[in-house]
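Okay, so chain A shows up in both of these, paired with chain B first and chain C after.
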Partner chain A sequence: MLSLGLIIMASLFFGGIILRTKSLASGRKGPGVFQPLKDVIRLLKKGAVYSRTTSFIFQVAPTVYFGSIVMAVLLIPFGESNSLLSFKGDFILFAYVLAIGKFFMIISSLDTGSAFEGMGASREALYSLLVEPAFFLILGSFALLTGHTSFHEIFASLHLSSAFSYALATLATFVFVLIAMIENSRLPIDDPKTHLELTMIHEVMILDNSGYDLGLILYATNLKFAMYGALVTNFFIAGMSLPVAILLFIVIQVAFAATAGLIESFLARFRMNHNAQFIFSLSSISLVIFFGVLLILGKFS
Partner chain B sequence: METVVIKNNQNIPLASIPVSDYEKFLLVNTSFVKESSFHCVSYYGVAVPEKLRLICCMADDDHGTIHVSSSLVDRQATLPSFTAHHLSFEKFEREIHENFGIAYPDHPWLKPVRFPFNRANHQSTIAHYPFFNSASEELHEVGVGPIHAGVIEPGHFRFICNGEQIMHMEIQLGFQHRGIESLFLEKKKLLQRATLAETIAGDTAVGHTTAFVNLWESLCNYTPDEDLQFARTLALELERIAMHTADLSALCTDVAYQLGSAVYGRLRTPIINYMQIWCGNRLSKGLIRPGKLNFPFTRDLGDQLSRLLDVYEKDFNEVSDNTFRLPSVLSRFEKTGVVTHGQITEIGAVGMAARMSNVRRDVRATHPHDLYAKLEHVPILKHHGDVYSRAQIRREEINQSIGYIRSLLRDIPGESKNRKPLGLPKANAFCISLTEGWRGEICHCAITDEHGEFVHYKIKDPSHHNWLALGLSVRNNEISDFPVCNKSFNLSYCGHDL
Partner chain C sequence: MLFKEILRISFVALLLIPFLKITWKGPVTVLIILLNILVSTSVAWPCLTGDALETIVQGSYIFGEIPLRLDSLSAWFILTINFTFLTGAWFGWQYMKSYESNPANLSFHYISLIILHTAMLAICVVQHSIAFLIAWEVMALSAFFLVIFEHGKTETIRAGINYLIQSHICILLLTIAFIWVASRTNSYDFQAIHKFSMDFSPLVSLVLFLIFFAGFGIKAGFVPFHTWLPYAHPAAPSHISGMMSGVIIKLGIYGLLRMIFLIHGDYIVMGYVIITVSVISGLYGVMLAIIQHNLKKLLAYHSIENIGIIGIGIGLGTLGMGLHNTTLIYCGFGGGLLHVLNHSLFKSLLFYSAGTVYQATHLLDIDKLGGLVKKMPHSAFLFLLAALAICGLPPFNGFVSEFMIYFGLFSSLKEASTLTLVFSLGSIIGLVLIGGLAVLCFTKAFGTVFLGTPRHQLHEEPGEAHALKLIPQYLVAVMILFIGLVPQFFLHYLIRPIALIADHTTPADTTLTESISAISFAGFVFVGIVLTLFVIRKMVTSSRPVRTDATWGCGYVGNASKMQYTASSFIRTYRKLAEPLLSIHKNKIMVSGVFPTQLEHKTHPYDRIEEKLIDIPLKNIKLFLSKFGFLQSGDLQQYVLNGVLFITAIIVIPLVVKSVEIIISFIEQL
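Let's look at the complex of A and B:
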């Protein structure tokens, strides 16, 4: 319950902090931290417009997508305090419930029959596919290290075995921050600000969505960011007292948002054909974590 | 002799342009382009009673001359094309075909250009443009436009792609056609015409207006005072700085480099604001007028400008050093959208699009007008023909223009006290005017009747040739690199569509 509350709280200002960082970095004042949230509220009050070429898939997809992310958020614990849903192997459900949401977004963009959206869908599918090994290698390694298979148990016992595991958690943080950037279609993979359909990935898939549906999708992005931030926090807070853990959670979320903003200010995005290579390199970093775990467990002796 | 040799901004009696039969006309002009110093600046048809007169102007860059020749052909004739000999005539002949219905059986790409109101074949409409297509199962087509995502100008791009890779891109234009050339004949007042020239391409107001006023003054046998020439040269260079800066900003935006996008975007503002101070319009409209200068350039304005440039230059060099050294930007610019030297000479590209592939085409150096002869301009050339070359050209041309402006400001001519009145244009004359706008070579040609009235006016914007260069540049690139290629050329839609 605690993690759900914290994640929702973080999601309210996450997008705003990114936007504010980018504005300040380019010498502008920028909108208030809650501006993205106000935009979402404005959109939620509106009705949606549906193209006549689309079917019911297009209408249900944003809700399924949003629902899938809420479902995934429910699986995330906060240190000692358990998540609402927890069972053995729940991180596998976490990965695939997100995949269901993404699957619906992909078929809904194909549903519009637009050449642009088809292109975006194929890119999104490819990048999600390439991210998956990194995610499972990391959580699989931690499962091996701790001997548990649910988020709560893994995180609760992560640092009991060795101080070396903090190093692994740091590496995992690096990978998860980049996974979050990829999953949320931010730089250096995608540019959420661009108006050029041909270069878009996620943005082009939601070109036809409007009003309430668009509001759900935009808020889902913030929720997803906050969710990954919570996962990262979980790598470190095992055994901490609750106030310290909550403070750390806030610090990590703000730092995460500011980092995203800074990356987007001072870096150009990758050329599309370098993306696959870049994303796949995350899997090799995850392999390092895997070998680190094997070392700790003495499997090499 | 099949041609008459003239200088830039020189008027000649129309009768002095030799008329040869078409075979000879074709032979002479196509053998010119075999030499690299020649390129076609304008080739068009003029309706004369019962016949069509084709006029071809070939510029000789080595000698600073223009060879003008002509031929009389039947209307609706079927002719062998120039294009079969050299591709650079491609669009000119499409235009002649579209306007007058001349058939060119050996033309490889005889498609509509801009769907003018007075086209020969009214069956051909913009909704039925004959796109090149492929029946392959593996390839897919992507259509972009005509409504631009950034709401700039309308144009349609049709891609044939293999996954993310572009195999072919076809550009369909003509959505902006306003009939500017015939408006030049309809509007009889000089002020109306000067205003029209400003609207040929809104981002090249100074370039096109300078071409028009130089042409008009030449037709009137009027030699502009030095302060007029000074203002035109200065305005051309300021326009170049402003547009190049805006383009660099847009290039950074397209690769999502926010710092470059924001800083270059900000740097354009003081330059165009300065134009507002000088002439009351940020796009320099109203500044260039034939035979007069409504906004004299004072010493005070000169001081303001040199102070402004000092501040501009410092920030510009700082952000350029950052941008052109950033690996993530370089990886997007380098080897993207390459057009080779061979392709450029083949299609006859002009301006920056030529200079990026080491083709020395710059009217300021080869056919100098206004004060450019005094500045002894040396064109900046790059060799790779990629987006990076086009970005570098912009950066270096800005620095070069700042240098020119500084040297111009050292010697500001006072306002001429007894300006000669502008006379009437010569009767039965032909005149050609070449101007190097920021985008490249602008060519205006005019023919007058026995009363000195325009009977024909022909405009050629650099975009006319260069759109094809864009089409070639994106081949085998990724479709997601198209926007940055497009921006690196930054061609004009309305300049093409007229």
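Let's look at the complex of A and C:
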């Protein structure tokens, strides 16, 4: 319950902090922290325009997508305090439930019969497939390290004892931040600010969504960011007292949002045809984590 | 046992069907299959949770006593077969309505269907090597006749012959293994295999297991024995493809499990072998599925992928037997067995809806289809449901079995040795990639076939299938949702078969049961969340203005159907990445000159393993044999001469040898 509340709270600010960071970095006055939220609320109140080509898939997809993220959030614990739904192997459900949301978004963009959206869908399908192994490798490593197979048990027993395990957690954080950037279609994979349809991924998939549905999709991005932020926080808060943990949660979320903003301010998007290699290389970093775990456990001797 | 009743029913049916009126052949076949299903289910159902049945039938002089054993493993497969045959026969009756112009052909088809069902039931219970091989042969032949229903087409006959040859290689391998066992133990009873493996060293058992694995692997479609599948499935009528992919290839899995049950050997090595082959099968199957243009061929490659997933489960279970790890045994065999049922459901549903699409449009080329969701909403919905299930997404059934396998893999990490870790980790990465690639493949298939606007001018407007054709499909859909949402129910029935294979008397692993219940709960929560969100959306947006307009095309509002993404363009990036591993032949006509004429870009996906393992050796054999082409001159006199020469040779050569021997011995005596 605690994690759900914290994640929703963080999701309200997340987009705003990214925006603020970007405007500060580029020396603009920029909109306020609540601007993205206001945009979402405005969209939720609007009517919609649907393409003639679309079918029921297009109407259902944003809801399923949002629902899948809510479901995933329910599975995330907060340190010692358990998540709403926790069982052995819950992280498998976490990955697969996110995939069903993605599946629906992909087919909904194909539903419009647009060349642009098909392009976005194609890229999204490929990139999200390439990012999965990294996630499973990391969780596999932690399952091996702690001997547990659920989010809550893994994070609760992930006491960082040595410098070595801190290094592992940092590496894992690095991978998770990049996974979050890829899953949310941010730089360096995708530039949400681009004005050319040909260079977009996520944005081009939702070209035809409007009104309530678009609002839902935009908010879902913030929720997803906050969700990954919470996962990253969980690497560090095992054994801490609750107020400290919550403080750390806020710090990490803000730092995460600021990092996302800074990356978007100072980095250019990769070439589209190099993205696949880049994403797959995340798996190799996860493999390093796995070997690190093997070293800790002394499996090599 | 009521096995004789089934034989009698089938026999009566064979005599009856040719004399029926054309419109009655279908319903009568369905009825007879239903009767067989009822009889066999009534026997098999109690065995699933209870004790095994055993009867001994007195065979002829050659056979001796034929033991029929119906244990929980057989029962699980019989029930799976029965459900798919129920929907398949029903769907087939509707599907075959468009072929009523040829009654003889149709009678033959229906008769083969009944024989196939009977033979498959027999395979599950007969435990006598010779009788088993005969049942296996009957199954292979009747399936062959079902596949070549449209034998007027060269493609179909080619695919049929390919299947026939490969199934006989399968039978050859099985025969070798059975004869080996029989020659050592002097018994054709399956128990002899167990005795054989106990008597000899683990290495000998391993070799025996590998022969069986290769034999049953051809039937199941493990890579590299998979090459018949992508030809046979598209050539067959859709209900046959559905049943073939759903249950016939599962008999290979049944055989594999039966052998793991019987052969006592080094289970760890056996597990490693199965896991390695399975991960390769899974990945290779789905990698090739993505680049296919033919919808049914795409589904056929997915069968290979799913056999891989089942194999990972079985391999894990076998590994668990070697390591004496109950969790691994239950997760591995449980996941594998449940996936057998699951795959038989969603794959048959996918083939049925592909068949509906084919009958409505007369097309199977994915790139030519499009926008069918508006013309055929039911078929689209069913295809989508099955696609979600086959991708292993919650809350559908595919997720449950994949979850069980994942669960086993992750729990195996804890106490594993470094070597086991490598295999577990490889399987995890394999499964993850398989899942992701399946999503890519089915978003492509569903998105291009059913969504967007039509990409090809059809001769007639496609329409939704008849309600009678939809009912069996909805039946499968209900099962998919049932397993997806209430998996505990099925887990309960899995315990017996697992315990049987693993020879384990300890009760089921509770951690798995807990997690499965949690998944069921999570499935309901997820459905609840989505429904709630949907109701909220409905309430909020009901008063809002809604307008329909053209799709966004940067201001262009004309007909943009030619500009849509096609299946080929959807997977282009993937194809570029995977090209080094696959074999894709391309035809390109590029832009040239000031006024370019027609452009062209064609890709012909081909199977690299087939190329290397079958085509090249075949070419070499042909090249070698063509050296003897002079013997086949077409001249009768020469053939007579050949015959005379042959007879002379077999008479003279022994004489010559004999005389040489005499001379040698004479010289030695000097």
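Note that in this section the second predicted complex is superposed on the first by the 297 of 301 C-alpha atoms of A that agree within 3 Å, B and C clash if a C-alpha of one lies under 4 Å from a C-alpha of the other, contacts with A are read in each partner's own complex, and residues count from 1 in each chain.
Assume contacts are C-beta pairs under 8 Å (C-beta built on N, C-alpha and C of every residue); 3 or more make two chains touch, one makes a residue touch a chain.
Predicted, not measured: the structure shown is a model, and the values here were computed from it.
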| item | value |
| --- | --- |
| First, second, both or neither for A:A258, with chain B first and chain C second | neither |
| Which superposed partner A:K22 touches (first chain B, second chain C, both, neither) | first |
| First (chain B), second (chain C), both or neither touched by A:M240 | neither |
| First, second, both or neither for A:I250, with chain B first and chain C second | neither |
| Partner chain in contact with A:P133 - chain B first, chain C second, else both or neither | second |
| Touching partner for A:E197 - first (chain B), second (chain C), both, neither | both |
| Partner contacting more residues of chain A (chain B vs chain C) | C |
| Chain B versus chain C as contact partner of A:A115, first or second or both or neither | both |
| Shared contact residues on chain A - chain B and chain C | 115-116, 118-119, 122, 197, 273 |
| Of all residues in chain B, those that touch chain A in their complex | 140-144, 149-150, 163-164, 252-259, 261-263, 266, 326, 328-329, 331-332, 336, 478-483 |
| Chain A residues touching chain C - in the complex, by the definition given at the top | 44-57, 60, 63-64, 66-68, 70-71, 74-75, 85-90, 92-93, 95-97, 99-100, 102-103, 106-107, 110-119, 121-123, 125-126, 128-130, 132-133, 136-137, 140, 143-144, 147, 149, 197, 207-208, 211-213, 216, 273, 276, 283, 290, 294, 299-300 |
| Residue ranges of chain A touching chain B (in the complex, touch as defined) | 22, 25-28, 115-116, 118-119, 122, 187-188, 191, 193-199, 264-274 |
| Partner chain A, residues of chain C touching it in the complex | 370-371, 373-374, 377, 380, 384, 388, 391-394, 399, 403, 406-407, 410-411, 413-414, 418, 421, 425, 428-429, 432-433, 435-437, 439-440, 442-444, 446-448, 451-453, 511, 514-515, 518-519, 521-522, 525-526, 529-530, 533-534, 537, 540-541, 544-554, 560-561, 563-565, 569-574, 576-577 |
